[in-house]
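Look for chain A in each of the two complexes below; its partner is chain B in the first and chain C in the second.
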Partner chain A sequence: MNLKVEVDVPKCVASGQCVMLAPEVFDQRDDDGMVILLDDTPPAELHDAVRESATVCPAAAIRLAES
Partner chain B sequence: MDHAMTSATSSEFVLTRPATAPLDPPPVYSRLRDEEPITRVSIWEGRLSAWLVTHWEDARAVLGNPAFSSDTSRSGFPTFIEDSRPAPRGFFANYDPPVHTTMRRTLTREFMVKKIDALRPAITDITRELLDEMTGEKGPVDFVERFALPLPSLVICELLGVPYEDHDFFQSHSKVFVDLQSTGEQFTASWEALNSYLLQLLTAKRSKPGDDVLTRLGEHVDTGAVSERDAADLAAFLLFAGHETTANMIALGTITLLQHPDQIPYLLAGPAEAANAVEELLRYLAIVHGGLRRYALEDVRIGDVTIRAGEGVIVPLHVANRDPEAFADPDRLDLGRANARQHVTFGYGIHQCLGQPLARAELQIVLPELFRRLPDLRIDVPLEDITFKQSTTVYGVHELPVTW
Partner chain C sequence: MSASSADTLRRVVIVGASAAGLTAAETLRRSGHTGTITLIGDEPAAPYDRPPLSKEILNGAWGPDRLPLRTEADLDALGLDTRYGRTAASLDRVARTVLLSDGTEVPYDGLIVATGVRPRRLPGAPAHTLRTLDDALALKGRLGPGRSLAVVGAGFLGAEAAAVAADLGTRVTLLEPASVPLAHAIGEDIGRVLAQAHLDHGVALRTGTGVTEVVSGGVRLDDGSVAEADTVLVAIGSRPNTEWLTGSGLTLDDGLVCDEFCAAAPGVYGAGDVARWHNPLFGTSMRVEHRTNAAEQGMAAARNLLGARQPFAPVPYFWSDQYDMKIRAYGYLRGHDEVRVVEGSLTDRKFLAVYRTGERLSGVLAIGMPPKSIRPWQRSIAAGAPWGGALSALAPSAEATA
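Then we have the complex of A and B:
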């Protein structure tokens, strides 16, 4: 299964939850803490952490497409 | 079914927990959550009616929807006290965009995960020093005074660049902000006192800059991003929010762990387990228990109810966190709970707690350090003799005598 990740930077509120859950996939910009997507097609072993990131993101700024 | 006309029968929203179950939400709200998940309650001794939204999913639907305003200056907003004064802009939790966005964005980089991770060694050192001092004495000692309160106060002082010697001053004014007995006048007086104190510190940082938030707030003033007054209010907001919350969470978390000694080995099993244990304690305790307050700007359907424009909403986080549809066997503490992190303890939506990486780091360090160092830690009195904070918007204990 493929998991395609998109982030909506203007919606991001810099809660940092995705960075704590999946640091291989998400980072934060140094100047304002907004999300940076490091890997838009993460490997299978990170899928659970990425799904959890999307669930807990307070701004619903992480979108996932599974194929 | 539409409940909009049932306000006459609603009862007063209360925070008080029964002495027999001081760590659980008031039973009346657990019952309402299961029977009438969106219901009317009254506040201000019956002078205002508001919707109480108790399901986890509905709580997120309200808090994630910009149609629900956080602007406490609106007439009819269900503020904690009726005699509420307009909040300073730096207390941006009480504002909507664009003020909220402007104010929050000046601070987001300060609480980035990597910035907070860099603070972990300092937090560990502070924890060990406080434990050294406390255990250098013969117990019992007051755990709140000696450990739970100084720890986050020292950390936020370090982060902000505020001298810890002034802790009596800022701690006493912070108490006014969470006390439901405070008048609007007392709130304003405490805010003014903290504002002028932090203005002085901001000015001093101009000539003697440091690697701290106050210095960088001064830079935001220079670029014109915020006014000097706003910068002082932002610092006051951080100073208050940075210790009043975590201090109570450390004390209540410790009580909770001592009541579930069989789960302490899980907390001590490693960093991943400690992190999950902290999420479960956050879910279980949800110390910001006064309910997040909102005001509908337009008609919105939530669950089976239409909340009308102009109506107030209260979202009791501690009740939503015990929703059986979101968390299996919700009243049971389970430090290994797989979805513990889905709690709404830090809120949800654009206002979700900015300081959450700091709160998490502190708890993830402090609780394992404490129980590793003091495996025989115990409360020196029966639990029923402990006085819980029943009239503050942040739940906790006033004192906690411990021995080890």
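Then we have the complex of A and C:
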């Protein structure tokens, strides 16, 4: 299964939940803490952590498409 | 998920269709729950986000189309039995049914309570409150040059609304009974920093001023005088929506009382603003009205309903945008004994402050600091670090000035 990740940066509130859960996939900008997407098609072993990030993101800023 | 809970847990009912309820529903499906999930919410629309209501919606940067928490397609994929625009009127735990105000009975095997809070009001004439999309749109229509607004209560919500209103050219009076806004939550020094920001933006901040009622054309103050304003916003805190649980045998005490697993009773869980639970990380019962907690607790409640039995022990996270300040706080700051600024300066409104409760590090609050400065503190709080040890490891120079 493929998992495609998108982030809606203006929605991000810099909580850092995603970075804590999946540091291989998400980072935060230094100046304002906004999310940076490091890998938009993460490998299968990271899918659970990425799905959890999308669920807990307090700004609903992470969107996933599975194919 | 344990096999036994899968066998007996066919029908899950979630009451409250917002951040906590939706996250619970999504987590149930992701964890393999194949039975029905009924999501009951008294608002007419699909779940939407509230924090932007006092920020991007109120200042007009976003339209309501930016608010839904999930796309229609994502919601469809969850296969929910949604009952929007329906109100839960009571709970019968013996029959295991939720009774809706339209008379429908909804039976459940597992129940998640996520009914949130509603604004407290003042006596007297009608006034605005700010909790729903309709509230935000109604208030937005009253802001702008040539208009005046009195905001009662300088908590985070009142402060955000005052900031947006002032930025839009509204003449704003911000009324607060305490001598320093938010002092009990974030400490006097930082409360003063936020107060100064209001003054710098032309807001008439009146501290030490209680309001007794809303009158036509303004509000009556506790000295009997009237502060005039075309529009009044009452932002004096909230009450948990637990009336529908009265008589159910569940413990209600400023929220639905839950244990460290978010359980209120066998098969009944609470999540989000409505839930008061025991957070083992801080060793205390807490109820937090924070957006991140709603999602994390919705997830925890769903997993524990399915049998995970994991204690819910988060470091709460809160943010607030006021003027050009982005305030971010991790931890449980309430009831702290000491605040210390370890980086930056209060006068620049760019700093990192840490909080001590008893002998431990209990919180960190930052304005305008990079995540990499905040994160080590956040980790130390999550690890239950002692105050002295955390300071000497993370801010040796601040410790020396103690």
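Simple rule for what comes next: the second predicted complex is superposed on the first by the 67 of 67 C-alpha atoms of A that agree within 3 Å, B and C clash if a C-alpha of one lies under 4 Å from a C-alpha of the other, contacts with A are read in each partner's own complex, and residues count from 1 in each chain.
What we mean here is this: a contact is a pair of C-beta atoms (placed from the backbone, for glycine too) under 8 Å apart; a residue touches a chain by one contact, two chains touch by 3 or more.
This structure is a prediction, so every number in the text was calculated from the model and none was measured.
In the superposed pair of complexes, A:Ala14 makes contact with chain B and with chain C alike.
Residue contacts after overlaying the shared chain place A:Pro43 against neither chain B nor chain C. In the superposition on chain A, A:Arg51 makes contact with chain C only, not with chain B.
By the touch criterion defined above, A:Asp32 lies against chain B and chain C together after alignment on the C-alpha atoms of chain A. Of the two partner chains, both chain B and chain C are touched by A:Ala59.
Residues common to the contacts of chain A with chain B and with chain C across the two structures: 13-17, 19, 28, 30-33, 52, 55-56, 58-60.
For chain A in complex with chain B, the residues that touch the partner chain are 13-17, 19-21, 23, 28, 30-34, 52, 55-56, 58-60.
Partner chain A is touched in their complex by these residues of chain B: 64, 104-105, 108-109, 111-114, 116, 341-342, 346-350, 352-354, 356-357, 360. Residues 19, 23, 26-27, 30, 49, 51, 66, 68-71, 291-292, 294-296, 299, 317, 319, 326, 328, 370-372, 374-375, 378 of chain C are the ones that touch chain A when the two sit in their complex. Partner chain C is touched in their complex by these residues of chain A: 11, 13-17, 19, 28, 30-33, 51-52, 55-60, 63.
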